[in-house]
Amino acid sequence: MPGVFGPTANILTKLVLYTLLAGLITLAGGAWFFPNTSYATRVGIAQPQPVPFSHEHHVGGLGLDCRYCHTSVEVSATAGLPPTHTCMTCHSQIWTNAELLAPVRQSLATGTPIRWNRVNALPDYVFFNHGIHVAKGVACTTCHGPVDGMPLTWKGASLRMSWCLDCHRDPAPNLRPKEAVFDMDWKPTAATPSGEQLMARYHIHPETLSDCSVCHR
Amino acid sequence: MTARKELAERIEGRLAGRSGRSLWRSLDELAREPAVLEMLRAEFPGLPDLAEARVGRRRLLELMGASFALAGLTGCGPGEAAGEAADQAIPYVTTPPGLVPGVARHVATAISRGGYADGVLVVQQMGRPVQLEGNPDHPASLGALDPIIQAGILDLYDPDRSRSVLKAGRAASTNGMLKALVDRLPALAANGGGGLRLLTGTVTSPTLARQVAALKRRFPAMQWHRWEADGRDTLRAGSVLAFGRPVDTLLHLDRAKTILAIESDFLDGAPGHLRYARDFARRRRAAGEGRPEEMSRLYAIESSPTLAGARADHRFAVRPNEIEAAVRALAAELGAGPAEWRRNAPGWLAAVARDLSASRSTALVHAGPAQPPAVHALVHAINDALGAPGQTVTYIEPVEADPVDHGDSLKGLVADMAAGRVDTLLTLGANPVFTAPADLDFAGALAKVPLSVHLGTAPDETAMLCTWHVPEAHELERWGDLRAFDGTVTIQQPQTRPLWGGWSPQELLAVLDGETRPDGHAIVRATWMERFQGKGDADGMWTDALRLGIVPDSAAAPLSVSLLPGLADRLPPPPASIPASTGGGTLTALFRPDPWLRDGRYANLGWLQELPRPFTTLTWDNALLIAPATAERLGLKNEDVVELRSAAGTLRAPVWRLAGHAPDCVTLPFGFGRRVVGRVGRDVGFDAFPLRRLDQLWQLPGVELRKTGETHRLAATQHHQMIDSPDAVRHATLDAFRRDPGFARSEEPEHSLYPPYEYPRNAWGMAISLDACIGCNACTAACQGENNIAVVGKEEVLRNRQMHWIRIDTWYEGEAAAPEQTLFQPMTCMHCENAPCEVVCPVAATMHDADGLNVMVYNRCVGTRFCSNNCPYKVRRFNYFNYAADDNRLPMSWNPDVSVRARGVMEKCTYCVQRIRNARIAADRENRPIRDGEVKTACQQACPAEAIVFGDLNDPDSAVSRRKASPLDYGVLTDLNTRPRTTYQARLRNPNPELGEA
Amino acid sequence: MSVRRGTGHSLRGRLAAFDDPDAMLEALRRLRQEGFSQLEVYGPHAVEGVDELLGRQARALPLIVVAAGGLGAVGGFFLQYWGMALSYPLNIGGRPLNSWPAFAPSTFELAALAILLVGFLAFCRFCRLPRLYDPIFDAPGFERASQDRFLIWIAEREGRDDRELLRQLLPEGDGVRIDEVPA
Amino acid sequence: MNASTETGQELARVVEPGVTALAVTAHVSGLVLERRTPLWWWVGFGLSFGLFVLFLAAVGWLFIRGVGIWGIDWPIAWGFAIGNYVWWVGMASGGTLISALFFLTRSDWRSATSRIAETMTVFCVACAGIMPVIHLGRWWYFYWLFPYPNTMALWPQFRSPLHWDFVAILVYVAGSLLFWYVGLLPDLATLRDRARRRWQRIFYGLLALGWQGSSQHWRQFRMLYGLFAALMAPLVCSIHSIVGLDFAGGLTPGWHETQFPPYFVFGAALSGFAVVLMLVIPLRRALELTGVITLRHLDVLARLMLTASLLLSYCYLIEAFMPFYRGEEREITVMTSLLTGYYAPWYWAKIVLNGLVPQLLWVRPLRLNRPLLFLVALCVVIGMWIERYVIVVGSLHRNHSESSWFVFVPTVWDWATLAGSVGLFLTGFFLALRFIPMVSMFELRDLLHKKQAGGG
C-alpha cells in the first residue's frame, strides 16, 4: 500500500512551517514597532478644529507669548485654554467679520463655549502638572514640539509612560534656564549652564522622579 | 395605627403617577414629554439636557468650567479609568474672576445642623464645590467636621433632589405657586394674617428672625411655629425650671477636671460637640504628653450608650427611670436638694459626689436632650453647688431665635389646623408629616389647610401632602446666615449657581412681603448692613465676615443667672419606678435619633447610610437595641424580628444586642423608614416615629416584645467585638502608667536579612492616639469624601465588601452586660516599610516611593487580591463590582485629584498622596522643603479630637515625631517585622480609686 | 551521493522483512560481516543491539539539551535581575533589588522550558521531522513496520549485483521476504 | 488457598497470558479507527458537554459582572477559583508521576496505564490553567504577567510567589503537552498505517509527522523521552512546591508553613493516583483492556494511593501539631477554629476522606474490589478539593486582624464554575477517548517482546 502523502507534501510542510515562522516574526515585530508609529501616537497629525486656529500665525508670526492664552500654565496643573473672551480681545478689532471666526463671535454672543478637539489627552489616572515642569526649566516645545510651526496643532510627543520616564530618569538633557522656557527658538550657547548645573540649581532629584506616585494617585 | 396607614395610602395616592411606581419615575417620565419639558425649561435655565451623553470625570471638569447647564447631570459614574476617545476640550466663554483652572480655592461658609452653624471651608475646583473642610476660625468646628456636615457635598449633588415645583405631587410651574401665594395676600392682609402660619425647624438665622418680625408687623395675627424632632426642648425647659428663663449652657471641658455625663451628647451631636470633643481630648491626652495631673476624669450615667459613656472612666448603665433618682440623690449629696432624695441612692453615688465636690469649680455635670426637664434643672442646681458657672459652664442668651417649646408650638398649630383656623401654612425645611409625634396626626390636620406650601431640598412626605412644594436651594447654593452654639454668626454665601433653581427660606418669606422675584443676597445683606451701620465701614465688615466665615465678635455675651429658690418643690414628681403598666409590658422604649440620619432628613445620603454606627457598626438599617442580658431573658438573638407592643401602638423591628445597654429597656433609633425619599434612602430600616407621642417624646414605658419568628439581616461591618484587649489595642490605668510608662511598648525584631532602605527626603508617618479618639467616625467619612470611595449598598456590606479605607474597630473590655470600657481604634493602611502586600503582587501594582509611602497604582492592578490576603491589618479594599459606576451620584461630585477606581482593582489608604504631591509641587516650585503641617490627611483634618497626626518622621520637631516620642507609642503587629509607619498611642484610664479598678 | 542517515532512499536498494526481531538482528549481523555498510532498520519498537550493529549513537541530543538548560537558567535569572534591579528598580516591600532567592524558582522553571522546547526541536531536526513523504512509505508492506514487522533496508552497492549474495544471506521463507525498493 | 495463590499469580502479571503484540495493536487502534462509537460514549460525552456549557455560562456572567458574583469577600479575597486551581493541577500530577517517575524506575506496569494518565494530565492542566486567569479582577490584563517590553517600561514583579506560579503552570502546560505528544508519535504512525478511511490516514498522517520507526528515529526518540522523563519528574515536584509557596510565601497564619511544598506534592500525588484509578477502573472494561490493564495495575495504583495518603496524613499531623508546639498564638487560633470552629466539618471531612478512608487499602481483597477501589478514589478526589478549600478559606477567616474576621459563603456561581470545570475536563477526555489510542501500543509491543525474551 503506497504512503499517505505524495512528494509535494514535504515542500508544502516546509512552506507552511516557514510561513508560520515568518508570520510570528512579523507579528512580534509589529507589536514592537506599531506603538511608535505616528498612527498609534498621533504625533505630527494635525487635528481638525471648529476654528482653524494657527499657532504658526499667532506664535510664529505675531510672536504672542504662550501665556497670553494659556494663562495658568505657571501656577496650575492645567495650562488652561483661552476663553472666547481672549480671542475677542483682538478679534473685536481685527478680522471682525472674517468668515473663519464666525464660531468665535457666535460663541461670545450666545455664551456657548467653543468645543475644541483635544490634541494632547492623558488618561484619567495620570496626573500631570504643568506648573512644576515650567518651574523646573522644561520648555513648552520639549513636549509640545515646534508649536510656532503648526498651522493646525498636532501632538508633539507620544506622551507615553516610557517617554515620560526617559526624561524623569535623566532630566538633564531636556532642561533649560527657566527664563527660556517659553522661548520658541532657544539654542543653548556657551554661556548656558549644563543640564547638571540646572538640576542642581532647581533641586531636581531624578531618583525620586520615577516613583509611581509622582503621576498616579 | 389607622391615621398612619391612611396617611401612607394618601401618600401612595399622590405618588401614583403615570408610572405608579415612585415620584421620581413619574417626574422623569413627565420630564420627557415635550410640553412639560418646555414648561420646565422656561422655569429652570439650569435644567439638564436629558439627552446629554455620559461624560468622564476629567472631561466633566472642563464641561463644568463651561457652565452647569453643560455639565449634564448624567447621573452615571466614571467607567473604566481609561480616557475616552475623541474627547473635547471646552474652555470658558469668559473666565469667572479669580478662578484659575486646576487650582483649588477655599471659600468660607457654614452649614446648619439642627439649626446651628458649623463653619466650613468649601474646596472649589473649576468653580464648583468638590469638598467640605472645617473652618479653623469657626468656634464650633475649629477645622474639624462631623460626618453629617461632610456629607453636605453629597447632599448638594444628590440627583434625587427636588427639581421643580410640585402641585399635589405633580410637576408644576413656579408662577402657579407664586400666584397662589400672592393671591392669598389681600385676604391675609384683611384679617391681619389670622390664618397665616409659619412652620420651621430650629431657626438661628438673624435674617429669618428679622423677616418674621417684619411679617408679624404686617400680619399681627400670624403665628410662627417650630418643630425639631430631635430638638433640645428639655434643656430649655430645664433652664426655665432652674432660672425662670431660657438660657443656653456652654461647656468648657478644657477647664473641667471631673465630669459627670448624664446620657450626655456633648461628644455626639450637641451643638458645639466638635469643640467640646477637642477640649475634652486635649485633657485626656495630657498624661501621655507628660502632664498626668491635668488628665480629667469622666463619669457617665446612661441607659442608651453614648460616645461620652464609651470614654468614661466609670460608666453606670442604669434603667431610664433610675437616672433622675440618681441625679436627685447626687443633688442631695452636694447639698443642692433635700436629704430625703438620698434614699435608695446607688452605692457608687457617694464616691462620685465626693470626687465632684473635691474638684469644685473644675467639676462639670451635663445631661443630654433625652433627659426630662427636671434632670436638667437639677444639673443646673448641681453645677451651681459645685461653683461651675463661670468656670466650667457659662450661660448665654438662647441662640435659637425667639425660643419656644417646640412640642407646645406644634401642638397648637395642629389644633388650629384641625379646627380649620389655618388657611395658609408655610413649612420651611421641616418635614412634620414624617417627624411629628404620631398622636397629633399632623397629616390629618394638614388636609384641612386650603393652601399649604412646603419648601424643601427634596420632595419628602410633607411635600407630597402640601398643596405646593417648592424646591429649596441647598445651603451651598444660597445666601443666608446662621448662628453657632455660642452665638457666633456666619454669613452663608452660595458656592455655585443653584443646580435646579431653588429658593432660600428668606426668599420664600419675602414673597409674603409681595416680592415675586426676591433676591436672597439683598435680603441677607440688608440685615447685616443694618447691624454694621454705626460700627464703621459696613461694606468692609460685610466682606470680612464673608472672607473669615464668621462675623467677628458676634459670639453671645455670658449671662449671669441665679437659681430660683425652691427648686425642689417646683420639680415635677419623679416617674414611678415602673409606671402602672399601660401596655402590659415591663420594658421601656427609648427614642433616640440615629447618629447619622438624625430625624431622617439625611436618609438619602449614601455616605451616611453606609457609615457604621458607633458601637453597633450597623449600616443601612436601624435596629432595636437591647442589653444582652435582657435579650437573653427574652430569648432574642441578633436579627430576630420582634413585634413591639405598647399603648402607643405596635411596630416590627430587628433586634441587635448592644453591650453596655441598660437592662429592661430598648432603644429605638428614629430617622429610618422614610416613605417619600430618593433612591438611596428608600425601604431602609423601620420608622420609630409612629410610637412617639408628644408627652412621651424620649421614652415610652410599658412596652413588651413578641418574637415573630422572622429574621431580618443586618449589615454590620465588624463581627467580632467582645474580646479581652487584643494585642492591637493597648491600654492601662493612669496609675499603672505612672508605675510603668513603657507598658505599651513592644520589642520589635531589630534584625533583618535585608539592608534597610534610606528615605532621605521625607519619611511620612502617622500617629493615632487612642487616648484622644472618641470613635465618632468623622475620619471615615472624610476619607470617603476625599478619596472618591464608592458606596456599595447593603447587599455588598452583608458580604463584608464595604470600601472604607479607614475603619473604627470597636472593642469591649470585661463582660457583655457591663463592659468595663469601650475602646475605639481607627485602622487604616500602616504603610509598613517592609510591606508584606507589595512582595506578593505579581505586576508591581503596589510599591514604595521615595518618601516611604506604600503606593497603590490602580491602573496597574490586575486584581489578584494576594496583597489583601497578605495584609495582616486587612486594610485593603477590593472593587468586586464596578462600585464607582453603580454609585448613585453625579460625576461632577467626585474629587478630581483622585482616580476613581474601576472594577477589579484593589485600593487602600494612600496617606492622601494627592495632598502630599500637591504640597510637594508647591514646595518644589519655591525650592523649599515641605513645612510641618503643610500636608494634612483628610482624616486628620476632620478629626475633632486631634487623635490623628500626620507628618515627616525625618523632622524630629514635627508634630508626628513628637507624638511618637510619647512613651505610650506602639506599633501593631510589629512582631511580623512589618515596620509600620502608622503607630498608636495607648489609651489611658483615670479611674477613681474609691470605686476601684472598675 | 551518500545515504542521508535514518531515511535516505534516493538510491535503489532492497528491503528485507522479518516477523521476529531476533531473526532480524541475526540477519543484520551477517550483512555487516559481508561488509554491507549502508543499512537501515525499521520496526514497531526499538530493538536492543541494532544501534551497536549499525554503529550509531545519539550523543548530540543530551549535550544540546544540557546546553539549552544552562542558557535557559542564565537567561531566566538575568531577565528577572534586569527587570527588578536594572530596568525599573523599585522598592518592593523593602526587599533588596536583587532578591536572588526569590528569583530561583522562576529560574529553574525557565531552564526547564528551554530544555523542553529545544529538546523537541533538536529531536525533530535529527529525525528530520516533519517529513510527511518518504519513498520508503511506498515500499510494499512498509506499513507493517509500525505494527509487527522488522525491516532491513540494504542499499544497492555501486557496480555490484548482490542479488545472489543476499539470497544466500537472507533465505526467504519463515518470516523473511525481500522486496526491491524503487528509487 | 487455591484462590489466593491464583490472585497471587494474577497480581504478578502485567499482561494476561495469550496477549500478542499484533492483537494489542489491532485492538487498541481498532478502538479508534474501526469501532462504532458506543452508546456509553455518547451519553458520557453529552453529560460532560452539558457541564461544559454551564462552565461557559458561569465564566461569561463572570466576565460581564466581575468576580463579585462569587462568594469571596473581605477578608477572604480568595475562594473557589484558587482552590479549584490547586485541585486540578494536583490531579494533573498523577499522569506525569506515573509516566515520568515510573519510566525512570523502569516499572513494567506503567506501560499500559501511562497513556490514560498522561491524557488525563493534559486536560487537568487545561482546567488548572484557566482558573488563575478567571480569578483575576481584571482578567483581560492577565498578559501583564508576561515579561515583555512595553510602552509603560514596566516588568512583572518576579518576587511574587504568584509570578513563580504563573511561570510554573506555563512550563508545566508546555511540558505535559510535549511529553504526551512525543510519546504518541509512534502510535500515531501505527494508526496512520492501519487506517483505512482517507481522512483518518491524512489526520493521523499529519499528526505522525512522518514517523518511520527507523533505528535512527527510535534512538533519538528513546533519548528524548528519557530526558523528558528525567525533567518532568522534578518539574512536577517543583510546580507543586511552588503552589505550596503561593501560600507559604504569605504571612497569613495557617499559610505561613515551611512544610507546605512537600505537603502539596504529596497531596498532588494522592489526588493524581486517585483520579487515574477512577479513569482506569471503568475504562479497562469499557475499552476491553483487561488483558493489558490487569489487577496488577489496580493493585499497584492502590498501594501508591495508600502511600501518598500516609505521607499526606503525616503532613496533616505536623500541621495540627506545630502551632501548639510553637505556641504561636495566632496559629493556634487558626488551628483551633479549624478543629472546632465554623469550618470544622470541612476540616474533619478532609481528614477522613484523605487520611482514613485510604487505610482500607491495607487489605488486599479490598484493593482488588474494583467498585470499592473506585469509591475510595472518589473519596480522595473530593477530599483533596476540600483540603484546598480549607487551606484557602479556613486560614483567611482567622487572620491577624480579629476585627476583620468573617466567613466565606459560596454562591451558586462558585459551584457552577467548579462543576463546569469538571465538564471541561470530561469533554476533553471523552474526545481524546475517541481519537487517541488509550494504551501505548509500541510500549506494549516492547514489553511483550521483552517478556518473551525473558521467557515470561
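Letters are used for the chains, namely A, B, C and D, taken in the order the chains are written, and counting of residues starts over at 1 for each.
The working rule: contacts are C-beta pairs under 8 Å (C-beta built on N, C-alpha and C of every residue); 3 or more make two chains touch, one makes a residue touch a chain.
Only a predicted model underlies this, so the values are computations on that prediction, with no experimental measurement involved.
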item: From chain A, the most remote chain by mean C-alpha position; value: C
item: Identifier of the chain whose CA centre is least distant from the whole-structure CA centre; value: B
item: Euclidean distance of C-alpha centroids - chain A vs chain D, Å; value: 53
item: Centroid spacing, where centroids are CA-atom means, of chain A and chain B in whole angstrom; value: 47
item: Distance from chain D to chain C - Cα centre to Cα centre, in angstrom; value: 31
item: Inter-centroid spacing, chain D versus chain B (mean Cα positions, whole Å); value: 58
item: Touching two or more other chains - residues of chain A; value: 4-5, 212
item: Multi-chain contact residues (two or more partners), chain C; value: 88, 90, 92, 95, 102, 130-134, 137, 142-143
item: Two or more partner chains touched - positions in chain D; value: 153-157, 159, 163, 192, 205, 210
item: Interface residues, chain A side, partner chain C - complex; value: 1-10, 13, 17, 210, 212
item: Complex contacts: residues of chain B adjacent to chain C; value: 754-757, 832-839, 841, 844, 847-849, 979
item: Residues on chain D engaged by chain A in the complex (per definition of touch); value: 149-154, 192, 201-202, 205, 210
item: Of all residues in chain B, those that touch chain D in their complex; value: 718-721, 723, 726, 728, 796, 799-802, 807, 809-811, 825, 827, 836, 839-844, 860-866, 868-870, 872-874, 877-882, 902-906, 973, 976
item: Touching residues (chain side chain A, partner chain B) in the complex; value: 71-72, 75-78, 80-85, 107-108, 111-118, 121-125, 127, 129, 131-132, 135-136, 202-203, 205, 207-208, 211-214, 216-217
